[in-house]
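Two complexes come next, and they have one chain in common, chain A, joined by chain B in the first and chain C in the second.
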Partner chain A sequence: MNKKRIRVLLIDDEEEFANTLAERLELRGYDTKTAVSGEDGLNLMNGESFDIAVLDLMMPGMNGLDTLRRIKSQTPDLPVVLLTGHGSTKEGMEGMRLGAFDYLMKPLDIKDLTLKILSAVDASDGNEK
Partner chain B sequence: MFKKCRIGVFLDRIYNSKKGAPEYYIVLRRIIITTMMVLTTLPLAMMIIVNHFQYRSHLRAELVSPIITMANKTKHSFELLLEARLSTVRFIATAYTYEELKDAHNIKRILSFLKNEFGGFVDLGLIGSDGILESYAGPYPLLGKNYAEQISFQETLIKGKYISNVFLGHRKFPHIVVAVQHLTDDGQTWILRATIDTDQFDNLIHSMGLESKSDAFLVDNQNVFQTNSKLYGNTLEKCPFEIPANRFDSHIVETKDPDGQNVLIASAGFRVANYTLVLVKPRSVVLQSWYALKTELFVVFAIGFTLILLTIIQITNSLVKRLRESDEKREKVMDELQHSQKLSSIGRLAAGVAHEINNPLAIINEKAGLINDLLDYSEAFKNQAKFRLLIASVLQSVDRCRTITHRLLGFAKRIDLKIEPMETNIVVKEVLGFLEREALYRKIDVRLKLFEELNTINSDKGQIQQVLLNLLTNAFAAVEDGGVIRIRTENFRVSGVRITVSDDGSGIPEDIIQHIFDPFFSTKKEKGTGLGLSISYGIIDKLGGTISVSSKVGQGSDFVITLPKTPEHSPEDEHEQEAH
Partner chain C sequence: MNEQDFLKARLLGKLTASATHEFQNVLAIIKESAGLMEDVLAFTPMEDAEVLEQRLGMPLSTIKKQVARGVDLVSCLNGFAHSTDHVRCKVDVQVLVNNLLALSRRLAANTGVDLALEEKETPLYMETDAVQFQLCIYYALESLFSALPARSLITLSLEGSATLSAVTLCATHPDQPVPDDLSRIICREKAWEVLLEAARAIQVRPKANDTGVTLFMDS
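Moving on to the complex of A and B:
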């Protein structure tokens, strides 16, 4: 595991959810920033760099898939883990096609999320090297 | 028109009232059979009845006229015979003088001549104008007998000739008397009287050649037999029939004889004497050919009726059977339609509810999770263990809710289909891409055997993805780490596709396989997609395909999906659809 703390960008329109999850990730040693919309997230990405993005697919305004496309066009190497409350696999599948690393259903298990984050960061580190 | 309407309403009422009930079809069958029977046999019966009466009157005329002819002919023969006898006697009276006839020798010679030449003459006598028998040739000692008081004598004097009714003479043998009056030029009058036996009558009747059941005889105007009747009595007995006297034309009546038998009586009165010829024929004999025809008519009717009845019953049975089948089919389709509509609305509702609940649920999950985290990181305090238990309980409940909302969302997925051309192999690869990472972690060997020239089918890509994902998720759950999962695609029938997903996992026990496609049947706590096999089944069914499973415990399971060229039952796909 990296000595460096992993920097996570959490994009979710549900502020309560995002803040609480961010706090939990902080407790587990992740540097976490939250954004409540796609635009917000993209703005944050302009200011600093992240190791991974955790993106909710169901958002008002710019939706998850659009945000994913933008992220992938800006920083193709940034791994993205998708979250969705939607029971459909369709968006998930579409997200995967657009280059997301993996896909999780809300409500989620924090252990699943940390596992995915770690493997995604591992994978992208491997790619970089 | 009005009646027709009423029948229509009636049929409609019974058709719609108890539809589906077995009695309904019995009643319907009865009504159809009755209506058809009435419509077909009524004209037949009417025709036969009309024919019956027409033939009867026609045949009757045909059959009766020969009888009258025969009666007339025979009557004529009788009249000729009597006229001949009368002429003979008159001739003798004219040819011989009173003196010549008075000579006993002469009269005997004349009688013997008559006997030889004509036959039937019994005696011959000469009666004077005072009624005294003056000369006689014959077997009886009648000479000198006075006839003045007898009807025969008086009537001869008035009419000039006389033919008597039959009487029994001294020998108890039936006779008739023939007498003629002769007037000489000088005003003298005398009568020549001859007795004739009636053998000739019997001969004439015999010559009619009647069959055994028929009879012919003579009666006088007092209805007394003048000849022997074969069936109804002997000479001089009373005739049992009422024969109208003094009718010279032939006519025919129908009556009953003393035995109660129906008979036809033809009678013809004589002009030369008070006789009537009577011809009696049983009706059954006369109308024999009519009865034969009647029997034939009846047989034809009976055969026709039976054939019609059998045909109608046969046709009606198959008709009602078809009707019943199509009713049942229609009802089934209606049920399915209703069911899917119900599912559809339930699905939309479920999706809405699940959606709305899922977000707060995620928040609860995170908040509770955070409390748990904080408990982990904080120092021991009072009731810390209790807090832990409470939070665990909250998280457990969230988990349960998650399962439910995911199921509801999955359920809602069955609603609307989006049919488009689909490359099945690509869909399989996409779904696999989704699970690639898990396969990698768990070192599961996914072996693909995709047929390259696979048919392009029209189906709902998203739905097929869900089903495949579901099957693969199940397969992943079934196999151990390092297990093998095989996916095979091939062409199915003419233009369909078959997808087989096999695993070498734990297999499915027999008792579970039976319920595996039942809704909400689960052997494991579903945490993943929430798509049960029942939903997969519903999707595939809706897309016109089939899904089946075979499994052996300990050896693994095979799930087989077949999909048609197109889900709709369009005519060009009929052939394929039949296969399902």
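Moving on to the complex of A and C:
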């Protein structure tokens, strides 16, 4: 069986966090690209396509919610999972109102993230059919 | 709270909240790095993988446990910092008190006392000056710290349905009864005077008794 690998765009200004998490996702069979700012993430999206974006909310420059707005206006069907700090649930809820699939608290559990990615991609595939 | 006091508290809160965000990132990187090491052990087939896992399993589990401890503390500190956001607002009392206790636990332990909160299944809300309210709880605790023998436990319970009517601080000891003149000892403490002053500002009425302190919400 040749199952298609899920392409993940991970946007987080903490480069070491993003790279380590990307490596963990790769080990689990996901194709993962990282971007260290909202602008970088949007540029990557112009050049290639992804099945899901995982987006940190608290970033300098273009913050997570602004990036989310841009992603949703550019590719409305791309599911987005948000990463928030503890104590930032308000921003997470606001993100969902803006169209994010869900949010997770940082530091996160890799199992929670992969489950969330799978259900977001499944839901998105279901919507397309 | 007057404007200047609010701005002082707000500055401390803003800087603390900003720092807790950075701490969360630090802990997230440590957690992912430990997770990656676990993954490498689990995913890479090697002859001596079992030996490596035996040697690395314990330190990796310690890192994860300590990261979880750090995350809990930083989350409480973040919540505490954000309690300075408004002069007056609606607060979830259980969350507020839980954060305060987590951050006071070391101070209590220095006097040999442990702290606990009786969990309530449904949240209790209150419209108040959150900083002033925490000031009251903290000084009620401090008035008990030096009045109690080592190894005492102070259990806080929240009374009321939907809105808070009282906070009870009840002292117990595993081997001996609490001092029978506890209320007199409490009222001699400097912290008690501070509590009375702080409580007046938000219509809270502290009462010392034979097992500890009760704070009645008069507002």
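Here is the rule we go by: the second predicted complex is superposed on the first by the 126 of 129 C-alpha atoms of A that agree within 3 Å, B and C clash if a C-alpha of one lies under 4 Å from a C-alpha of the other, contacts with A are read in each partner's own complex, and residues count from 1 in each chain.
Throughout what follows, a residue touches a chain if its C-beta (ideal position, glycine included) is under 8 Å from a C-beta of that chain, and two chains touch if they have at least 3 such contacts.
Since this is a predicted model, take the numbers as computed values, not measurements.
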What does the overlay on chain A give for chain B and chain C, a clash or a fit? clash
Tell me the contact category for A:41 with respect to chain B and chain C: first, second, both or neither. neither
Check the residue A:16 against both partner chains and state whether it touches chain B (first), chain C (second), both, or neither. both
Looking at the overlay, does A:93 come into contact with chain B only (first), chain C only (second), both, or neither? first
More chain A residues in contact - chain B or chain C: B
Looking at the overlay, what does A:79 touch: chain B (first), chain C (second), both, or neither? neither
First (chain B), second (chain C), both or neither touched by A:103: first
Could you point to the stretch of chain B, among 63-71, 117-125, 171-179 or 405-413, that collides with chain C in the superposition? 405-413
Would you mind listing the overlap between the chain B footprint and the chain C footprint on chain A? 14, 16-17, 20-21, 23-24, 27, 85-87, 106-108, 110
Please output the residues of chain A touching chain C within their complex, sorted ascending. 14, 16-17, 20-21, 23-24, 27, 58, 85-87, 106-108, 110
Give the list of chain B residues in touch with chain A in this complex. 351, 354-355, 358-359, 361-367, 369-370, 373-374, 376-377, 398, 402, 405-406, 408-410, 412-413, 430-431, 433-434, 437, 441, 462, 465-466, 469, 528-530
Would you mind writing out the residues of chain C in touch with chain A in their complex? 17, 20-21, 24-25, 27-29, 31-33, 35-36, 39, 43, 67, 71, 74-75, 78-79, 82
Touching residues of chain A toward chain B in the complex: what are they? 14, 16-17, 20-21, 23-24, 27-28, 85-90, 92-93, 96-97, 102-103, 105-108, 110, 119
